[in-house]
Every structure is written in C-alpha cells, then in structure tokens.
Amino acid sequence: MPYVNFRVTKEGVTAEQKLALIQGATELLQRVLNKNPATTFVIIDEVETDNWGIGYENVTSLRAQAAAQAQKA
Amino acid sequence: MPYVNFRVTKEGVTAEQKLALIQGATELLQRVLNKNPATTFVIIDEVETDNWGIGYENVTSLRAQAAAQAQKA
Amino acid sequence: MPYVNFRVTKEGVTAEQKLALIQGATELLQRVLNKNPATTFVIIDEVETDNWGIGYENVTSLRAQAAAQAQKA
Amino acid sequence: MPYVNFRVTKEGVTAEQKLALIQGATELLQRVLNKNPATTFVIIDEVETDNWGIGYENVTSLRAQAAAQAQKA
Amino acid sequence: MPYVNFRVTKEGVTAEQKLALIQGATELLQRVLNKNPATTFVIIDEVETDNWGIGYENVTSLRAQAAAQAQKA
Amino acid sequence: MPYVNFRVTKEGVTAEQKLALIQGATELLQRVLNKNPATTFVIIDEVETDNWGIGYENVTSLRAQAAAQAQKA
C-alpha cells in the first residue's frame, strides 16, 4: 500500500502526462516491490515557479534566463 | 506539538467540514497522546482529481465511472 | 481515498496509541467527508526530539526545562 | 542535496519574500552543513487560512479575532 | 527539477530495489515531462508497519492475518 | 504559524548543527514574514544515503565515487 508524491513545477502539465506519471509509478511499485495497485496512491503537486528555488534562484528566473539564452543563440 | 496533514481530493469540501477535521484531529491527539492543542497544527491539502491516482487510474475517471454506474442503476 | 500524516515526537508512543490515532483519523474522515476506510491511509512519523524545533529551541531542551521546573515545584 | 519545504498561510506573500526564504534557507544549509546550493531545493507551499488549524481553530477565525481586538484598542 | 517521495512499509526493501525505484522514477520524469535527471530528487521513506494504517487496522495486523490465512490454505 | 521541513542525508549531522538549522529557519521566517517563533515548527528528517537518489544514482554511490576521486588526486 505505497504512497507516491510527485512535486513538479506548474508549467502546463496535461491530464495525459499526469496519468502517465500515475501509471508509471504504479507499474514501477508493482514490478519492483510487488505492491498491489488497488492500494497504491499517487499524488502530483504542481508548484508555482516563484515558489520553487534551486541554487539561490527561483525557477521563474531560471526559465527567463534560459529563454534569453535561447533567443541569443 | 504535533503536526497533522490531511490530503483529500478537491471536491467541494466546505469550511465547516475542514473545521471539523481540524477539531477532530486536535481532540484525538489531546485524548490519545495528551498533546497540547495550542501547539497542534492541522493542515488540509486539497488535491485536484486529475492529480490523484489509485489502481492505475486518476480519480477524475473513477468518479465518472461511478456516476455512469449510478445512472444505469 | 484520503491520506493522513501525523508527525509527533518520538517519545515512547505505543502500538496501541498509534492504532488509536489510525482508527480515530479514519473514523473522522468517514464521519465528516464520507470517505471509504478501505482506501484511507494513515501514516505516523515519529521524530527525534533533537530534530524538532519550536520557538528557537529543540524539543530535547524544552523537555529538560520542563523536568527541571517540575523538580523545583 | 537537501530539500526544504516551507508551509505558510496564503496571505499575500510576495515573490520577493519567497525569494528571500529561498536564499536564506540555501545560505543556511551551505553555512551549517556545507551543502551545495546547486542541488538545494526549496519549495514554498501557501495554504489557505481555512485549511490551517491550531488550537481547535482555523487561521481565518484567528485573524478575524485579532482584527476585532485591534479595532477595539 | 522534480522531487519524488515514495513511502513504503519497512519490510526488508533491499538497496537494489531502492535503486530500481530511484532509476524508474527518474526515467519516468525524463520520458513524460522531459525533466533533467541531474536535478531529479527521489527520496524513499520506509515506515514501520505499526505506523501505517488502512481500513481501521495497522499493517502489522494485516500481515499477521494474511500469514494466518496462508497457513490455513 | 509556519512549518518548515528540512530533509538531508543521514551523515552524522550533530545536535548543534540541527539546532543551527532550527534557529536559522525560525529567524528567517521572523525577519522575512514577521512570523511568531512561538508557533514556528521546524522538523529535520535525516534520510539514509541508500534512500536518496539524484541523477539515476543513490547518494551512497555518489559518496563512494567522490571518495575514490579524492584518493586519486
């Protein structure tokens, strides 16, 4: 009866992609640990890019920098 | 000084129901473990039905199936 | 299909007390939100008192202070 | 490669304040545990005041009480 | 830069199985959402069977019941 | 009344270092968001290096690789 929590940035993840995460994680737990899918929970949290930081910056800034970089190239 | 986190699907939970969860969990911790309500935190996360999976399906699909089933009956 | 996570300090909580938390939270969700106990998960995390802080202090210190206070009284 | 999760009430926290939390937590982990900022994640969850309880009340009520108190003074 | 948290019961999960979960979840996020493995965190929490409840029972009891059932068969 | 959760690898973090994290995070929330330390919770989770993955590897392997690298230099 496992519990899986994905936390990803909120950047247009579709219902199909979410379902792929749900099914992939459920299959993984069934294959590796023989866990019963009927009691496998998967919860996906989408986090605003202002609310996620890495390397002293928020993801909003990192995305803007990457976009500027891409435009220059 | 306990911390309680409820995660439920976002399906119209009212402020009254949330308060009932807060008060019920606080009372439970006071009764069972003699915890001080003044430092008992209860946080309720409401999760979109597309973002919650069980048994290889998301809850959006499970609710649609249950509704179709109910209509047939 | 709710998920409940209790976090309490690791201070000798018994299996009976843990079961009381599990049953109390499950009953609460069934009563307030009509949730199915068969898919209600309750997970209890026990946290070392050195690893829990409140008011600029860890719980180890708070417990020592309370014990000293009690001895004086 | 630490992970930090702040949970605060959703009461108008600005992007600048969020960045200050991200940078402060990252600096703290670098200073205290010599952790690499490039793999330090900070995630801030903002929680509705109806969804956060303490001392048998939700924060919505606590804020209303404090405002009423302030007006009387 | 996603974060994945698996919570499973503490029942002899091997380092190899844990690595399979880490690699499977990382591959899943790369395939479905094009996430960079270099900043994909996977954390596995192992929870004592006394501390995990479902359907008003703890997993310790559920395992004992299943073992008794198997012996009868 | 914020809640802060640090998750770090279990690699000999001392009680003094944990207290520094507790005090640093509490001070940060007081300074940035004017939060009351009396109701600021900080919880530190220490995670086994086999249970933490990044970039398709667990931290146990990453530490072994870094040690081998250091020995060669």
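Order of writing sets the chain letters: A, B, C, D, E and F. Residues in each chain are counted from 1.
Rule of thumb we're sticking to: contacts are C-beta pairs under 8 Å (C-beta built on N, C-alpha and C of every residue); 3 or more make two chains touch, one makes a residue touch a chain.
Not measured: the values here are computed from a predicted model.
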Review point. From chain C, what is the lowest number of touch steps before chain D is reached?
Key: 2
Exercise for review: With over half of the numbers shared counting as same, classify the chain A/chain E interface as same or different.
Suggested key: same
Exercise for review: Compute the centre of every chain as the mean of its C-alpha atoms, then state which one is farthest from the centre of chain B.
Suggested key: F
Exercise for review: With chain centres taken as the means of their Cα atoms, state the distance from chain D to chain E in Å.
Suggested key: 29
Study note, to complete from the structure: Rounded to the nearest Å, the gap separating the Cα centres of chain B and chain E is 22
Practice item. Mind checking the centre-to-centre distance between chain D and chain F? Centres are C-alpha means, answer in whole Å. Key: 17
Check your understanding: Which residues of chain F are in contact with two or more other chains?
Key -> 1, 3, 7, 21, 25, 39, 41, 43, 52, 54
Revision key, fill the gap. Inter-chain touches occur between A-B, A-C, A-D, A-E, B-C, B-D, B-F, C-E, C-F, D-E, D-F, E-F
Review point. Mind pulling up the chain D residues that touch chain B in the complex?
Key: 7, 47, 50-58, 60
Review point. How about chain B: which of its residues touch chain F in the complex?
Key: 1, 3, 39, 41, 43
Revision key, fill the gap. In the complex, the residues of chain B that touch chain D are 15, 18-19, 21-23, 25-27, 37-46
Review point. Which of the residues in chain F come into contact with chain D in the complex?
Key: 1-9, 13, 17, 20-21, 24-25, 28-29, 31-33, 35, 39, 52, 54, 59
